[in-house]
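First the structure, which I've put down as structure tokens, then a few questions once you've had a look.
Letters A, B, C and D mark the chains as written, and numbering starts fresh at 1 in each.
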Amino acid sequence: MAMALEAQLTDDRARLMGAFNTTRRATCELSAPLSPEDQTVQSMLDASPTKWHLAHTSWFFETFLLKTFARDYDVFDDSYEVLFNSYYNAVGEQFPRDKRGLISRPTTQDVLAYREHVDAATRKLIETTTDNTFAKVAGLIKVGINHEQQHQELICTDIKHVLAQNPAFPAAYSAQNPMEDEGSPQLGWASFDGGVIETGVDWELADFAFDNEGPRHNEYYEPFKLADRLVTNGDYLAFMEDGGYASPMLWLSDGWARVQAEAWAAPLYWQKTDEGWMEFTLDGLRALNLHAPVTHVSYYEADAFAHWTGYRLPREGEWEAAARGQPIEGNFLSPGTAPHPVQVNGQSAPLRQLFGDVWEWTQSAYSPYPGYRAPAGAIGEYNGKFMSGQMVLRGGSCATPVDHVRASYRNFFYPQQRWQFTGIRLAAEA
Amino acid sequence: MAMALEAQLTDDRARLMGAFNTTRRATCELSAPLSPEDQTVQSMLDASPTKWHLAHTSWFFETFLLKTFARDYDVFDDSYEVLFNSYYNAVGEQFPRDKRGLISRPTTQDVLAYREHVDAATRKLIETTTDNTFAKVAGLIKVGINHEQQHQELICTDIKHVLAQNPAFPAAYSAQNPMEDEGSPQLGWASFDGGVIETGVDWELADFAFDNEGPRHNEYYEPFKLADRLVTNGDYLAFMEDGGYASPMLWLSDGWARVQAEAWAAPLYWQKTDEGWMEFTLDGLRALNLHAPVTHVSYYEADAFAHWTGYRLPREGEWEAAARGQPIEGNFLSPGTAPHPVQVNGQSAPLRQLFGDVWEWTQSAYSPYPGYRAPAGAIGEYNGKFMSGQMVLRGGSCATPVDHVRASYRNFFYPQQRWQFTGIRLAAEA
Amino acid sequence: MAMALEAQLTDDRARLMGAFNTTRRATCELSAPLSPEDQTVQSMLDASPTKWHLAHTSWFFETFLLKTFARDYDVFDDSYEVLFNSYYNAVGEQFPRDKRGLISRPTTQDVLAYREHVDAATRKLIETTTDNTFAKVAGLIKVGINHEQQHQELICTDIKHVLAQNPAFPAAYSAQNPMEDEGSPQLGWASFDGGVIETGVDWELADFAFDNEGPRHNEYYEPFKLADRLVTNGDYLAFMEDGGYASPMLWLSDGWARVQAEAWAAPLYWQKTDEGWMEFTLDGLRALNLHAPVTHVSYYEADAFAHWTGYRLPREGEWEAAARGQPIEGNFLSPGTAPHPVQVNGQSAPLRQLFGDVWEWTQSAYSPYPGYRAPAGAIGEYNGKFMSGQMVLRGGSCATPVDHVRASYRNFFYPQQRWQFTGIRLAAEA
Amino acid sequence: MAMALEAQLTDDRARLMGAFNTTRRATCELSAPLSPEDQTVQSMLDASPTKWHLAHTSWFFETFLLKTFARDYDVFDDSYEVLFNSYYNAVGEQFPRDKRGLISRPTTQDVLAYREHVDAATRKLIETTTDNTFAKVAGLIKVGINHEQQHQELICTDIKHVLAQNPAFPAAYSAQNPMEDEGSPQLGWASFDGGVIETGVDWELADFAFDNEGPRHNEYYEPFKLADRLVTNGDYLAFMEDGGYASPMLWLSDGWARVQAEAWAAPLYWQKTDEGWMEFTLDGLRALNLHAPVTHVSYYEADAFAHWTGYRLPREGEWEAAARGQPIEGNFLSPGTAPHPVQVNGQSAPLRQLFGDVWEWTQSAYSPYPGYRAPAGAIGEYNGKFMSGQMVLRGGSCATPVDHVRASYRNFFYPQQRWQFTGIRLAAEA
């Protein structure tokens, strides 16, 4: 959850209105090419139907903003409070997560009407509320915008999982225009000094950050180095061809158990066909690009791969120290085209592909920074209560909006999860 | 599976064309009020999405009729052979049943186009094929029509289960016009002599019947009696209020295990509210009609109820002996209105509500009649392979087309299943 | 449950005492070669630890006999009422069945002491009770004896399942002396007239029978024939080698689902080794005897095998009609040697191996006979509440005490169960 | 896994022989009061039968020491290589963990014979091997001894879980002599400076440590304070009475899911009775001692409790910094008496109960220290492959041998596990 800092209170209404409108529109652009049938399906517990995302992001503004701060706000439908509550116990009961795909109504049309209702009320609030109230709500609206950007990424990854269940492997979006393939550069290393390093967001300086990114604090690191590009499909295929999925000694114990229980033998969306390895993408089934970054691997696979190379995964503080001050450039979400990681293209060492393309697994468990306190109330459930059992990922992906990510940004997933655009950057002691 | 008997070969093409058109149209009338989202959801393993039913019934004609007998038939989509194969191993691989709700495409529009394609080809075949071929295919078309009628009933029961997952309890169809409530008559009995009784269909006489209804054979019965009306909601409520669901001595062992594991405390769609007992119907949540037949009870519940009364459920041969020669009248499927069982209305003893309203559980396990042989080939999988673990039900329901059922008709479900319109008629030794 | 008929009241005490002592001793002989560790393990939900059987059979006498009829009876341990109650809801709560193997105490020694306590009290009751009371309890004692005989068979089948989990395949008992192998005779048939046949026990004539064996009633059968010997391992191997386990068209739908879910490819205890097919027996792993009856097959396997041959399984009334009046001879339980079915040896057609060797699956679902009523009270739970979902087996097995079985005896198991000594006799229309 | 450091090579054989004999004897002393039945049961996946522990610890010496270094060593039983391999993939196949309780043979007597066989060969090796070989194997033997000490603790916790399944709550051992109850002192705090702190074992100085305790490295900590005693049953009861188990806002998300799924409402072995709260101990059911440390709580419960107090759990480096140099005194394993945590007794602030009594959950996920590398070969599987998903615990418990634990010792369990003697010490920012 965002810390609504004093600094943010000077944002003018127009700028916030612009960001709100842009974000809300982008979500609809993502869902527009999808049929009502597409938008209804929940293909696994971890994923949600598109129309649920469309509704839940609206629920977020309605619940945390409009119900409290919008005078005379007319609740769209009382039953939505439960139906579209994801996990906020402080708000109240939640419709069971595993049954989101059983709810045929409200339909997609109903949900779009809900969005318009919430949009209108939010715009009116931004335009007409007192300065005093605006100072209070601006931070909440920023949280709502960033929250919605997270769900834009989830819309992409969740509909990808839905369509992957279909033996026809249908496409959701058109592919990006192909880039010139420069091949994948030889793996090089960028070296960094160790010592006491400041890490985490500095609340005084940040325009916006989630609560889990701070407070700024010291950590101690030995000198280290990071690979200057992501691990490619070609690199990963070498691991597979060397028996990676059949070598228990390479794997964490929990990872090996998962390999056996779920018969993992390749990244999630790879398909072996008569024409060789293919990969299911949001543009359908395509030949595997050996120079593009490997993606849809779990932490266990990332760790086993690193073990096989003799290197390791980065710690999150190492990654952040390396990323601080780097430009946020790369392959990000572009509604209308199918998000997919691409080969190194026009980026130069050190630290190509640092942002965008794929979320990079770190070997850091997701825990609170020293001095972290979750905010009071329901909004405090946003990040803090997930601080067990998950691993930190850094850098954003091809499905992340470009203005959503930053060096201090901490994403987190369970080590077995593979449906996000997750990938691998190697690290080592210097 | 139907026996294509010589007698049927004299059917003229026009009559068959009429039946085909009527049935195909009725299926579409059932799905028309449902949104694409409604038609996509699979709410449990036993149920299928509406659009799957629309497609599978077309697949049936395409697979068993058109691919073999229609010259130059153009297969609509090769991938449908697997996707819409329900359980015919002789045809080949089947898309996993538990994942039918994960298939967002083909969409409902695509499926309607598939239906039109199959309809056109079937009509052309009926009109233009040689007499020789027509003689061969007429029986198959009748099977296809009767098969589709079964799926009309399943469309009703499956969408009811989908909508029941929704906390808003939405309606699919409008209610029937209310009938005058004459109350429920005192339970009386109709008595029957025993002895050697002929049972099962006589292939020489039947226009159409499924393979499992024959051959005609002898059974021996002691004198027996059947209740002259169905068990009502009021009757069943008395069982509940007497602690029926808390009295293990009333239950079969497997039934009691199910009561505990699934916390059964009432029929499937009953809801206890502040206004008393309500019942979810295809027209939404309605006050429980104490005079209407109880429905959505499992065999276990039917048996426990009978045990509580001191009577028993009928054997299927008893039921058939009593039903033979009775008129097929009652409360049947009427596309456009919500199927629901109704109170006794204008029927007189003995044996009110024998057809329609609810399928009546018998105490007979579903087994082959003496001399039964499943037909050769895929069509032989229609009925014969299900002859273990299920119980026979008789009489049709409010969701059965009126011209689909007959005295010899054997329906069958597992004893724990409750989502069909199943109910109870008591029996006893004379 | 046994019907305590008037005729039984004339039994003299001495005879009953003899039967009681013999039975109780035989149970201990079965457990004596087993270590405390052997007797503690529960290898699956369906099976129970040996020491549980030793205790439960004593609980049966204590609960139904001693607590009611033995003056000043001193309950051995109050906690046993729950701990060793198998499924009698009328008695009260039951320790969870799936946790019987977690109960290390009472130890086997404690349980033997419990047996002696119950034996002494029962003997005293038999010797000293009034004639009036003896008339009341004699029937109950017979039930207890027959109940204990059933558990003798279960001790054999359950410990076999325990030892089969052990990669060393240890032996529990010594093998029987090998018989001369006469080969397996060509399969022949015994033919029977049909018509109205009386079936079920006649309470006036029986010394003892369980409640589910009656009442005597009429059934109608078409003329039929039964195979004159059991299906052998060699016969069954031919089915396997013809792809029996890979041919869905041979199987009931539920059976085929089971074949796939549990990867069935042979009877339960068969092992393919470098030396060919072996079979785990209570004497350890032995080469498969092709002339001995196949055993440890489920109903589904029996039905698929019959389907493959073009014949069918018998109906239970057919079997009983054929067996009535036949001598009860064959290969039965002999404590001290390992129960195992043997090849035809010295028996002549028709109807070799009718009793003993293996329980013969019938195609009859286990249901109440016309007019059946379960006895009142807890004892009524013995048989009646299991009358759904199970199939009838006839004839007894190599683990059945010879004086336990009879022509009217109805055993019953679920169609997927394989750990009993179950086998196959073919039938056909005449 | 132990690092066999040069320093250890000077150990003389006599000292090692003494430690070996003492440890092996202590294991037998723990199992001696347990019946064969007790020793056979596996009550859950996480726990193993006592006789499995007795065998596996012997397997460890046989596999890693005797098979390689003992000349002419005669393997006791070839089948044990698989049967008693816990999780060493480099050694080969493992008997399935979840089926350890199904293996009735070898019996406890057989296992004791196996122990004697291994003991004799190990003693002979220690006595007679060359200096050169002794230098190589001394480290391995120390690992074997420490490994066996870990299994002594597991014998206690696993048999406790077995006996807890028994409604009679039997005792395994006699209680310790009761201590004078001085009450529980007011909670105080010990404060520590932060900054760069050296943590982890220094291989140059350690006589023995596991591989995961090093290498020594720097960490940075803010100033912090630790509670001067453990959280007591009384403290924890206050949390419960304040609705701790019904307040989702106090819990981690995964923790709250577990509370609901498993209906947690108290620590694992607490029982609410008519006489108030009781606690199952290895001496049977006893009244809850409000002044003794709470134990058998999961990480989730420890974290929720800390959240409720407004404090937090320690980080492992904080704990280690505080513990370094402290005497290893407290309530440890004493074969013959029932291990159980006791109230503060004769210890003085700061940092009472630091060692022994209960393992203290830290908020540190179990990960490799910077520079950690697992040793090559099977022994490298001892610790390294478990470095995901688990939390670090520190300080040893009442079931830990006193000479087994040290300040740098890292124990680790999954956050939901409760059957170990786990407890809570609070921490806070200074």
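Convention: a contact is a pair of C-beta atoms (placed from the backbone, for glycine too) under 8 Å apart; a residue touches a chain by one contact, two chains touch by 3 or more.
This structure is a prediction, so every number in the text was calculated from the model and none was measured.
Counting only chains that touch, the fewest steps needed to get from chain A to chain C is 2. For the pair chain B and chain D, the distance between C-alpha centroids works out to 60 Å. The mean-CA centres of chain A and chain B are about 47 angstrom from one another, to the nearest whole unit.
Centroids built from CA atoms put chain D at 38 Å from chain A.
Centre to centre, using the average C-alpha position, chain B and chain C are separated by 38 Å. For chain D, the set of residues that touch two or more other chains is empty. Going by the touch rule set out above, the chain pairs that meet are A-B, A-D, B-C, C-D.
Those residues of chain C whose C-beta lies close enough to touch chain D in the complex are 35-41, 43, 51, 79, 82-83, 95, 99, 101-105, 107-108, 162-163, 165-168, 170. For chain C in complex with chain B, the residues that touch the partner chain are 87, 89-90, 196, 217-222, 248-249, 251-256, 299-300, 303, 363-365, 367-368, 370-371, 380-381, 385-389, 391, 415, 429.
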